[in-house]
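These are the structures, in C-alpha cells.
Consider the two complexes below, in which chain A is the common component and chain B and chain C are the respective partners.
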Partner chain A sequence: MTRTTLTIAALALGLGFTVHAGAAQPADPHAAHRPTPAPPQVAAARELPRPPDKLPGWLTNTKKNHIFYKRGKYNFDVYNIGPLARDLNAVAVGHALAYEDLVTGKAAGLETKTFDRINRVLKNPPKFMPDEAAISPTFVRRYGVLEQVFDWTHILHAQTVDVLASSQLTEAEKDREIERLWNYYFESVPYAVTPLPLNMDHLYSLAYSQKFRNTYPKVNGLFWGYHWLQGAMYDMLYRASPEDQKAAYAVLGEQYRKTELYRTDRPFMPMFGEVSPVFAARFPHIANAFDNLHMLHDMVNDILATEWMTRKQKEEQIKLAVWMVSAAAHRGEKPGQESADRLHDHRHFVGMPGMGMMKGMTPELMWMPEMGWMSMADCHHCSMPLWEGADAWRNPTVTADGWSMRVRCPLCARDMAVETKGRALLRIPTEDPNRVVVVISDEQGNLRTSTPGVVFLENEGSHAGCDEWSRAFTSQAAFDAYVKAHPSLTKAKALTFDEWAQREGAKPDTYTKPKGPVENPYQPHGEHGNGK
Partner chain B sequence: MASNRRLGTARKLLYTLAPVALLLAAAPARAVDHNNIDAHRPLSFDDAEALAFREQALEFGLNLGWPRRRSLGGALEAEYLYGFALNSHLSLGFEPSLGGRAGETSTGFDFGDVSLGLLHNFNREHGNTPAFSLRGDLFAPTGRDSKGVAFRLRGIASKQAGRYGRVHLNVDLNGNPGGARAERPFTPGLVIGYSRPLGYPTKFTTTGLAELSVRAGEERGTGAVLGVGLGIRKQVGFRSVLDLGIQSDLAGWNDAARDRVRLVAGYSYGF
Partner chain C sequence: MKNVVNRRLFLGGALAALIGVAGPALRPALAHEAKCPVCKLDVVQDTDKLDNEVALKFGRKRIEYRCVSCALQDAKSFNGDLTILAPSELKGKPALLARKDGKWSVTPETAVFVGQKVTHPSCQIGYRALTTKAAFDKWTAANPDLLKDAKPLSLAQMLEVANPAK
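Entry: the complex of A and B
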C-alpha cells in the first residue's frame, strides 16, 4: 500500500509537470515576433465602443453549458445533398483554423500558410462535421462564451438546413418545424443572437472595423465566401423537390467553389436578403439572426487582427461585440424602429424585413455591387411592385453570378436570366404554394427543368399586369381553371416548358432605373452614412 | 485436459458474444463525437466533458483479457448515458463476463455488477484553468460472489497540452466497505490520459489515446498495479464512433492480480 501510494504520488507530480509544461505557456509565446505595437497616441485616437455599466452574468460564464440539438427525423438530412453537406463541413474547419492561428501568434502566415491549409480542406471537404472546438482549442479556451454563441447559432443553421433538405416532411411541416427550431434556439439559452435587423453600417464602422478585410483579404474572402454559401443555400432549398435541390446545388456549388470563395472585391459581407430573398422575407427573424451572427464573425475577426489593442482590450471588445448582437441587448425593441442610438436602429429595407440598414442606403433604396441601386419592394426586371405579405411566395427568383433577385412573374425571371452571363437558377412558383419549378439556365441561356407536366401562361402585354398574364401551373387542369376565372385571358394558350423557354419578351414598358444619392456608397473617398 | 477446458470456455464465450456482435453491426450509424472520451471507450480514463443537456448515448464494448495464471476471458460492457441537466449526465451500466478474470478463480458466466453513475462538470477549460469534473458511481452487488454496494469517486481534470493534445488526470477512490474480508475496503488509483486528434489539419475523424495508470491491488497484502494503454476512436457516422484499444498491466507488486493484455473494441451511438 505504501508503495502504491508513493507510485501514485510520483505520477501525480509528473502530471503536474506535464500539464504545466503543456499549458502554462506565457500569455503570448510569440510576442517577441510581433510587429512593434502602434504608439499609444494612435491607440488613443481611436475610440473603442464602451460597454454598458452592467453586463449580464452569462457573458462571463465559465461553464460548458452544452445543449443537445432539437430531436427530429430530419436531422442530418443535409446529407441528402452530399456535396452541400461536405462543403459545409469544410466551412467549419476554415473558420476554426483561421481563429486558432489568429490567437496563437501565427497571424503573419494567415494569407499564405493558413490560407493554403484551409484551401486544401475546402477542396477535400471532410465527410463528417468536425468539432470546431477541437480544431481551435486555444481560441475556445480564451473566448469560451463567444464559442457558445457561435456554436448554438450554428446548430440552428444546420438544423434549419436539415429541415429544408428533408424528403420526409411536407412543405407546411417544414415551415412549422423551422419556427419550432427558432423557438428552441431562442428560448433555451440567454445568449441567442437578436432576430431584429441591426444597422450594419454602424457595426462595421467601429474603431477596429475592416482591419481584417484590409489586412487579410484572401482569408476574409474565404469567410465571406462561406457566408455567401450559408445564405444562398436557403432559397435554393426552399420549396424545391429533392431532385431539384441536388440539380440546383450542382450549379450553386460550382459558383461557390470556383468564384465566391476567392472573391476579394466585396465591399461588405453577403447579406441574407441579397442571396436568399424569399427565405429572408418569409423568415425575417432567422435571416436577421444569421446576418447578425455573420457580422459578429466580422467584428471578432477585426478585433483579433487589430494590433494596437492589448489582449485585455481585445477580450473586452469581443465580449462587448457579443453583447451588441445579442437578443438581451435589444429586449423590448421592435423591427422597423428608428433610434438616434445606431446600435438600436432596427430599420429594414422596404419589402425586405430580413435585412438591416447598410452603408449609405435608405429603407427605400438598396445598393449592390454591379447591380447598382434598387428597391427591394419592386421587381428587378420590370420595376412593378413585388408580391408581398401572405402572397410573397408568388415572387419568382433569379440566382446568377453570386446574387439572387426577386421578380414579379415567370417572364421577368426568364428574360432576366437570359440577359445575365453565365449559369443561372430560376425558382418559379406555381398556383400551388408548395410547388416551385426549378429551372436551370446554362452558359448559353438554354433552359431546362426536371418538373414534368408544367405549363405556362404568357399573354404578353404591359408589365403593369404581368402578375396576371405571366404564370406557371403544375398541370393543364390548373391552367384551365385559372383562365376560366379570368375572362380577359380566355383566348390564351397553354405553353409547354419547351415552348415557353424559347420565347423572349419585349423590354418591359414599366422599367425605371432607380437612382441613389451617390454612385457607390462604398467608394473610398466620401463618407456616406445611412441617414443617421 | 486443461486445453479442452480452455477450448470449452472459448466456445461459450463465442456463443455469448456473437449475438452482441450482430446487434452492434445492425445499430444505426449515428453517435457521439470521437473527441469526447468516456471511460472504457476504449481506455480507462474519462475526459471532463459531460454529455450535452438532453443528449443520450449508448456505448457498447467487448473486451478480451488474458489474466496472469488464468484462462482467456471476455466481457461485454454496456452503458446508457443521459444528459439530465446542464453540464451533468447519468450513466447506467453493466458488464457481464465469461472466462478468466484477474483476481478471480471462477471462469463461469458472471452477470457482473450493475452500476449507476453521475458526472458533473464544474467548469470548461478557460485561461489556464483546466476543466474539472467529479464522477461518482455505485455498483450494486449483482455479480457472482459480489458483496456489498461498492462505489467509486473520480475527480477529473482535462487540459490542453500542446497544439491539439489534451491531458486528462483521473484520481480515483474505490470503496467497498461491505466487501469480502480478503479485499481492501478502500483503494486509490490514478490515471493519466492523453488524447490527440490524428490527421489534422487534413483528416478530422480520428483521435488517438494513451494512458498510464496505477492502482492499489484489491486484495489485502498485495501491492500496486501499473498499467498502460493505447487506443483509437474513429468517427464512422454523424453520431457514431468505433473504438479500439489495447491495455496491459505492466507490473504488479506483491502478487497483485493483473491482466497481461486486454483488447477492447467498442461502439458508441449518441442520440
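Entry: the complex of A and C
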C-alpha cells in the first residue's frame, strides 16, 4: 500500500470520527485525575523465574575482564558540552552509592541518608568520571559479572555520546563510527546486551518486580531520572552543531536537574524511543540495548530490595536477569517476532523499531503519561503518517516537559511547542540530511535559532499535504529549487525565520485522537498485559 | 513490516466501511486534543453549540485546560501577564480573565462563575464562566444534580475557590 493511499485513508478517517483502537471505554473516568499509583504487585508473587538447565560459563566468571574504550579521536569529546559531561559523571556516582548501600545493610537509610548523599553529588557534579568499582567495592565483588555488563554497556553509552559531541567528525562519519562502536561492543565480549526489543511488561511483572520503586520511590526516581538523561541527550546531540548542542543542553539540563531527577510519579522507566525517537528509529539496535540495560538495572534493584529472598536466591536471580537481557539468550531471534514465551517476544511499536512492548499496549498504540495514547507512526499534532524508513530523518521533533515527539512538518513542530507549557526544543530537518535547524522556545513561546540564512516554506492547506507545503531550507537557493520542482507551489514566498516564528497555523484538519482499550494501562484496573 | 501493512490495510478497510455506513453523520474531529496539564484528564472539546476548551494565553503560548478552575490554579506557575479564555454559555464568546501586573479583571464585567465542588470528570460543568446572572440561573437549572447548591461567584471568589488560602 502506498504512502498516498495511507494518507487518503487517514485523512478520510479524520473527517469523520475518532479512531477507537480498543472497544472498551475507560472503566473509571476518575482514573486519570488521580496520581498514577504504583503498579499493583503481581499476585502469587513468590514464584521466582527459573534458570535454564545450562547457563554459559561467563555468567560465573570471577575475573575482572576490564575492557577500555575503543580508540578514537573523539574520545571524551562529551567535555565539549561541560555541563552534560559533569551531570553524567554524577550519574555514575549516584548509581554506585545506592548499590553499595543496598548490599551493605544500609537499605533502611536509602530514602534519607543515601538520597541526601547522592543529591549532594548531583548538585555538585565531579569534573571527571569516577571509577564506580571504587565507590561500590562490595557490590562489585559480589556481583562481578553484572558489574561488567553495566560497565561495558556504559562504555558504549559514553563513546556514542563522545562521537555525537565531536566537532571534528562529519555527520556521515559519526553514523559510521557509531556502527563501528556497536560492533566493537557486540563482538568483543560474550556478555553484550541484546539489541532486540524485549517485552518490558514481562520483565517488569516478575515475582520481585516493582519492589524497589514501591519501597524507595525517591531513589528510584533518581535512577529513572538518570535514565531519562541518558536517553534524551541523544536526539539533542544528533545532527546538531556544537553551538546548538550547548544551547540545547542549557534547556535540557535544567529540565533534568529541576524536574526529571525528582519525579516519583512515573509508572515505568523512561524508554529511549520516548525521549530520543529520531536516534531510536535510526539506530534501533542501540536504543533497544540501552532500554534493556536500564531494565536490567530495575530488575537488579528489585531483587536487591526484596526481603523475602535469601542471599543465594538473590545471586541466582541476578545471574538469571543478566541472562534474560543478554544477546546470548536471544541468539537467532529477530526484531518484530512474536512468541508465546514472553521472554522471546520481540515485537516493537509500528514506526518505532527501537522500542519493545510495554504494559497494556499493542504495536499500533503506545501510551505515555501526560500524552495518552498515540501511534508512533503518526504525527502527534496532525495524525498524518510520519516519514519512515530511509526518509525518517525528515521528521522534525519537539522536546518539552520531559517528552520528545516526532511530527511531520515544521508547522506541526512550531504549533505543538506553542501548545505546550514551558521551554521547548525543536529539531527541524532541512533539505540536507546533515543539517538540522535547532530552535529554542522560551517560556512565552518566543522562538530563536542560531542557524543563519534558514528560510521556510509555509503554504498552509490541509495537513494531508503538510509534508510538502511546510518545509525548512538552508538557503534561498534551496527553497527556489524545491518550489521549481513543485509547480503547485510556484506562488509560495520564502519566509525568514522571524516571519515563520510569528505565524500560527490553524488547528490541523486531519487530527484524530487515538483511543486505547483503557484510560491508563498502569492503573490497577488496566490489568491487560500487552495483548497476551 | 508485516505490522505496517496490516495497519494500513486496517485503516483502509475501516475507512471504506465507515464512510459507507456512517461517515456523513459523524462530526469532523478538527481539534488537536491535549490532556489538561493540571487534572490530566482529556480536555473536553468544543461542540457546534457549546465551547468547552479553556485556553490560557501567555505570550505566544496557548495552553488548554479542562476547566476554568484548572487554568486559574495553573496561572500561578506563570510569571507575568496572561489571559484566560473561559468558555461561557455563548458559543464563540468566552469570558476573558486577564491578569495584568498581578491584578485580575474579567470581561464582560457582568460575568459570574459557577464554582461548585465537583469531581473533575464533571469540572467543565461545575467550574464555568457565565456572562450574566441570568445565564448562571439557566446553567444551574440545566444541571440540577451537580449544581443544585451552586451560588454565583465573582471573579475574586472564583480565584479563592481555585486557589484556596491555606
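Here, the second predicted complex is superposed on the first by the 485 of 532 C-alpha atoms of A that agree within 3 Å, B and C clash if a C-alpha of one lies under 4 Å from a C-alpha of the other, contacts with A are read in each partner's own complex, and residues count from 1 in each chain.
The rule is short, and it goes like this: a contact is a pair of C-beta atoms (placed from the backbone, for glycine too) under 8 Å apart; a residue touches a chain by one contact, two chains touch by 3 or more.
Since the structure is predicted, the reported quantities are computational estimates derived from the model, not experimental observations.
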Thinking of the overlay built on chain A, is A:R141 touched by chain B (first), by chain C (second), by both, or by neither? first
Which partner chains sit in contact with A:T62 here, chain B, chain C, both or neither? Use first/second/both/neither. first
Kindly classify A:D391 by the partners it touches after superposition: chain B alone (first), chain C alone (second), both, or neither? neither
Touching A:P508 in the superposition: chain B (first), chain C (second), both, neither? second
After superposition on the shared chain, which partner residues are touched by A:N124: those of chain B (first), chain C (second), both, or neither? first
Mind working out whether A:V350 is in touch with chain B, chain C, both or neither, as first, second, both or neither? second
Once the shared chain is lined up, is A:E370 touching chain B (first), chain C (second), both, or neither of them? second
Partner chain in contact with A:D480 - chain B first, chain C second, else both or neither: neither
Shared contact residues on chain A, chain B side and chain C side combined as an intersection? 1, 5, 12, 14-15, 18
Applying the document's contact rule, which stretches of chain B touch chain A when the two form their complex? 30, 33, 35, 49-55, 83, 86-87, 121, 123-131, 157, 159-167, 169, 171, 184, 188-190, 192, 197, 200-205, 212, 214-217, 223-224, 226, 235, 237-238, 253, 271
Chain A - residues contacting chain B, complex: 1, 3-5, 7-8, 11-12, 14-15, 18-19, 21-24, 62-68, 71, 75-76, 79, 93, 97, 104, 117, 120-121, 124, 126-131, 134-135, 137-138, 140-142, 144
As the complex stands, chain C meets chain A at residues 1-5, 7-9, 11-12, 14-15, 18-19, 22-23, 26, 28-35, 37, 39-42, 58-64, 74, 77-80, 119-121
What residues on chain A touch chain C, complex-wise? 1, 5-6, 9-10, 12-18, 29-30, 32-33, 336, 347, 350-351, 363-364, 370-372, 377, 381-382, 388, 415-416, 418-421, 442-446, 504, 507-509, 511-513
